[in-house]
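Written below as structure tokens is the structure these notes are about.
Residue numbering begins at 1 within each chain, and the chains themselves are lettered A, B, C and D in the order written.
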């Protein structure tokens, strides 16, 4: 478990940086330090990616280290598999969440299974960067929260940063991992800024650790990625109601940090899970189930979920009604049976 | 004999003998597309074109250009979420619309609102997706225009399936599906063309090769001699046409549509054109192409080409040009005005069309949102 | 809610039939009654499908009503979308669970969304038959339990029969549905036989209803598809331990029949979910979470899950270690905190 | 000049000029494959073939046939979960194995255990998947044989990526990927060939066109004049060869492999052959093809063809034939004996290789299974 404030006090040399900058820096440092790292995807070259995360990499490392591929996601991931089989370490960019779907067969049937299939002889150190989630006014297919698909696929790591420092640290650690990592980048946090020290950025110690972003005693908000800022805002707002909320940022959905999450829930006795993905069949069900299995007798109320509705992502003009916001979170907290019933 | 055969039986009749006597089937016409894109404007062939068609194309091109400009302007005013302009590609968009009969279907990609509008769809409805009020602003069956497809090439198998269904039902419907050069790299492109050829479905694929998939130039997309050459591997005719020559595009598509309607099966048409604007208003095209290239293409502008043809042949004069521009301006003004009104939104629509019958689960979620909205109103 | 014994007492004209026969009959009857129904897929014609579910249909209805397609799953589903747009009612066969993955983009981005995208103007009445699950000694990619992917995709119905009568009834109702239905056929029950009346087979009244297959008072086993017989066996075995288990067959995962499930759990106060799919991110998490949300104060113990391990499906010689069996179910029942603790 | 260019720069040099001066690229050699499958056996060209190669091919064909028979027999004894036989296709399997150098990679599909075995892999290891003790029974890197791929055509992009990686590293490795006629319909086939051509990756695609995808005949799979014609749409050479003529297959593959090794990029080879047995032991081929067709193909048996050539040319006599058969029998007997021993199984392997480091979650699940197994043992 790591307890980290979302915006650490400004130290010498630190200054505000965006998540996009931190991600770009992570790719740059990985390309520099490890000659087997190759970045590939649609428009990652001259354009620098539609979100500019790969900006300048092709110019600095050459087109063979940062490659514009043909427009075919299964082909991108499938060739990355072959490159990894030969000892390279591909970092693949999927342009948007929904455009990773054509690559699902490669992902499920090969990427997640090759190590197991070959009894460890052929690991696939592939990082798949997927910009995900809504809140950016994107038209259909540009705002999906597709994490449930990845969660249900054993053999993948599923990682998602919510802070600028984690964007760097988790991406470095993902690229360094000898296993495939689906690296989910919360689109609407790309331009969010934190105080960060680009002079001495640091990787995280290992994947699979959650972080308590705010300590509290009344109840635990369990969240990740794009919903972390919303939860922190809700926790602030909850003070007015007399609730002191703890906020846990999962950072890694697979593996899941039961220890950190359960320690928090055992302390507070109440929990709400918050994510953008549709509730039904989404990550929240798994999280609620495992927390309940492990903490049942510490729970004063059922673990509740505040999620996107069970609908396809709405058009831009209606998305605000879909996204979990502060009010919905506070409503859920209010339903945590503060007056003991039977 | 073949007349009494079903579609499938006809195909089966083509079954090759076992390979000791194995023969190449080279019957579906010349295998390779012509080496040069077909051009009509400025050639003697242009004189044979129907003047009325030429004028209709011209008026639509002028209006299409104006429409593109207006839509781009609307993004700057925040009235559209995004606009992928087809400026420079109007000849393809317009020809695709005009070549179809009433009963035919158009399968546009996300860049092809103009084709839908040229076919007669209300532009406000066509722009729904890009405005952001709903995903599709019209009833596809009413207009026989499929929803704009954002996931590239995924609309192509839909077009094949629809055309096949129409044929099975005995209707003389043809489907025309649009896709970009980048989209040809997707697996769905391959599967769609293959199904179409095997089923001999009445479908025409129009690839607008504008040289780029966002920033990725054609030579990183394919090593084929032309995209039209891809037809060979499916056993269908491939056609190559100058995509800025509206008359040529119309002619090539018209032949392909007729061929499909007569039971001849699918055709792949590549139209070589250029996107004069950036990929969308959010794109910065200077990152991946230089002004000279754009300038070279501006000199080959589809409207200028057709205007020259028409004026050279005295089918158009200054007043005609002005009339077309005025009509386009009026069209744009009407669009601007309507788009400046706020879209009518009902948040409850989020839950209405997920299933034929709303599930209990969705009813509960709808009730939650309704309660929230009421609470909001009270505040 | 429906309470149905798994093998109804033999009535006049009833005789043992296999699930495969019932499915075939359902397709046959649908083709006969509705000229817009079209069956399509790999090898569904002369061969009758690798499981012979479509046996004889091409001969009797012609190749255009029962069509061998080229070998391309995205193409199959994608063309089915187009056919449905024109008013046909395609019934698509995916040859095996894992071979449906290439069609996921069409499924997620189009099949599940077309109705919503067009505000109801363009419904897609497509039935996608997917043989799923293990226990048949199949080599890699032939035994996946892929239901979690479907569950996480709003806009689909997800249906799975566990009895011969349901195989017929649910498939007829799925084909009749104006919405897309993913119809999961438990491979290892294809040859299971029940007493069934093929003279007067009946459709189910509607999709979305669970059935109590065995009434009991001690605890509820919540299950579906291939795990129903295992649960019924476990329930019999549990009698020796003094437990009287209720067994609920979900039949439809989407929509989920909260009413039937919760009524049972409220009655018994304890529940175990049983399925073959991997536990993490699988259906069990969703079910446990929603049951707990709705029945928290009736629960004497946390809802437990007995599932496949969080691994890719094992090779045939090891599959028995992976599949939830009677012992594992009884172990879980034993952990339902029969001695009240605090 | 081009020598000092990177792979990508070389490709960029091919960038076509903007289409007003747009030209077809027809430089990658003759666009269309030959109209007749290449044959060598029984022609004067056969005399030029290296006698040692002919003998090696023959011995491997005979052993391969015997291997297929033995593996099928093992399914009847319950020693294999399933066996997709390559009986009748041995010429393709064997030639594919023999054409490769030590450093090259083979990408087999689920039907191609024989190719792996002909390359020198222990057949017990090759059969692991089909026996059911593990998914892959060998270390792919040790043998440079990728795992047998069951999801059709998905191995093709792997081969492209691996070949591309080798080229980027400056190694002279070529990848040879096998796929069936049915597999060519999959999107992955298309995407793999396109990537290969754009990257000029040193990869050779061998389509074994055996006329069927399980029960589906070729004419329901494609309307192309030949599968080799698909090469045209990717801008790579396409070659058509009699897949039952081992020498011809070897020759065509050898040319393609050399071409790839020399930086010439990928080739698509179609070998026309026939699967004499059912799809697998679980299949009933009488449902979809008649005895006459099978008989016609038996008359074109790859072993008979090569045997005739060798005996005609006095490279083989009765004793040589007998020696090859004896060697094959001995090989089969050894295989049978080893397969009749029970596989060594450790259920704990289920959890060992999911991740580089076992997660806490998997440790818990492994402990659960271990406890269960101990309890089972005690009983």
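Going forward, a contact is a pair of C-beta atoms (placed from the backbone, for glycine too) under 8 Å apart; a residue touches a chain by one contact, two chains touch by 3 or more.
Computed from a prediction, not measured in an experiment: that's the story for all the values here.
Asker: Would you say C-D or A-D is joined by more C-beta pairs in contact?
Answerer: So, comparing the two chain pairs, more contacts are at A-D.
Asker: Give the label of the chain whose average Cα location is farthest from that of chain C.
Answerer: B
Asker: Indicate the whole-number Å distance between the mean C-alpha point of chain B and the mean C-alpha point of chain C.
Answerer: For chain B versus chain C, the centre distance works out to 40 Å.
Asker: Indicate the whole-number Å distance between the mean C-alpha point of chain C and the mean C-alpha point of chain D.
Answerer: Between these chains, centre-to-centre, one finds 37 Å.
Asker: Provide the C-alpha centroid distance between chain A and chain C, rounded to the nearest whole angstrom.
Answerer: 32
Asker: Scan chain D for residues touching two or more other chains and write them down.
Answerer: Chain D, residues with two or more chain partners: 134-135, 151, 185-188, 190-191, 194, 198, 220-222, 349, 354, 361.
Asker: Going by the contact rule already set, what residues in chain A reach two or more other chains?
Answerer: 69-70, 72, 74-75, 98, 101-102, 105, 109, 113, 116-117, 140-141, 154-155, 256, 280, 310-312
Asker: What residues on chain A touch chain C, complex-wise?
Answerer: 74, 98, 101-102, 104-105, 108-109, 112-113, 116-117, 140-141, 148-149, 151-155, 254, 256, 277-278, 280-290, 292-293, 296-297, 301-305, 310-312, 341-342
Asker: Inside the complex, what are the residues of chain B that reach chain D?
Answerer: Per the touch definition, chain B meets chain D at residues 11-12, 14-16, 18-20, 22, 24-26, 28, 31-32, 35-37, 185-191, 194, 197-198, 200, 211, 217-226, 229-236, 240, 242-243, 265, 272-274, 293, 296-297, 299-300.
Asker: Under the definition above, what is the set of chain C residues touching chain B in their complex?
Answerer: On the chain C side, the touching residues are 38, 62-64, 67, 69-70, 72, 74-75, 77-88, 90, 102, 105-106, 109-110, 113-123, 154-155, 157, 177-179, 208, 255-256, 258-259.
Asker: Can you check the complex and tell me which residues of chain B touch chain A?
Answerer: Contacts found on chain B: 81-82, 128-135, 150-152, 182-183, 185-188, 213-216, 220-222, 282, 284, 287-288, 343, 345, 347, 349-351, 354, 361-362, 365, 369, 372-373.
Asker: Along chain B, where are the residues that touch chain C in the complex?
Answerer: Against chain C, chain B makes touches at 6-9, 134-136, 139-142, 146-147, 151, 154, 156-166, 168-169, 175, 187-188, 190-192, 194-195, 198, 349, 352-356, 359-361.
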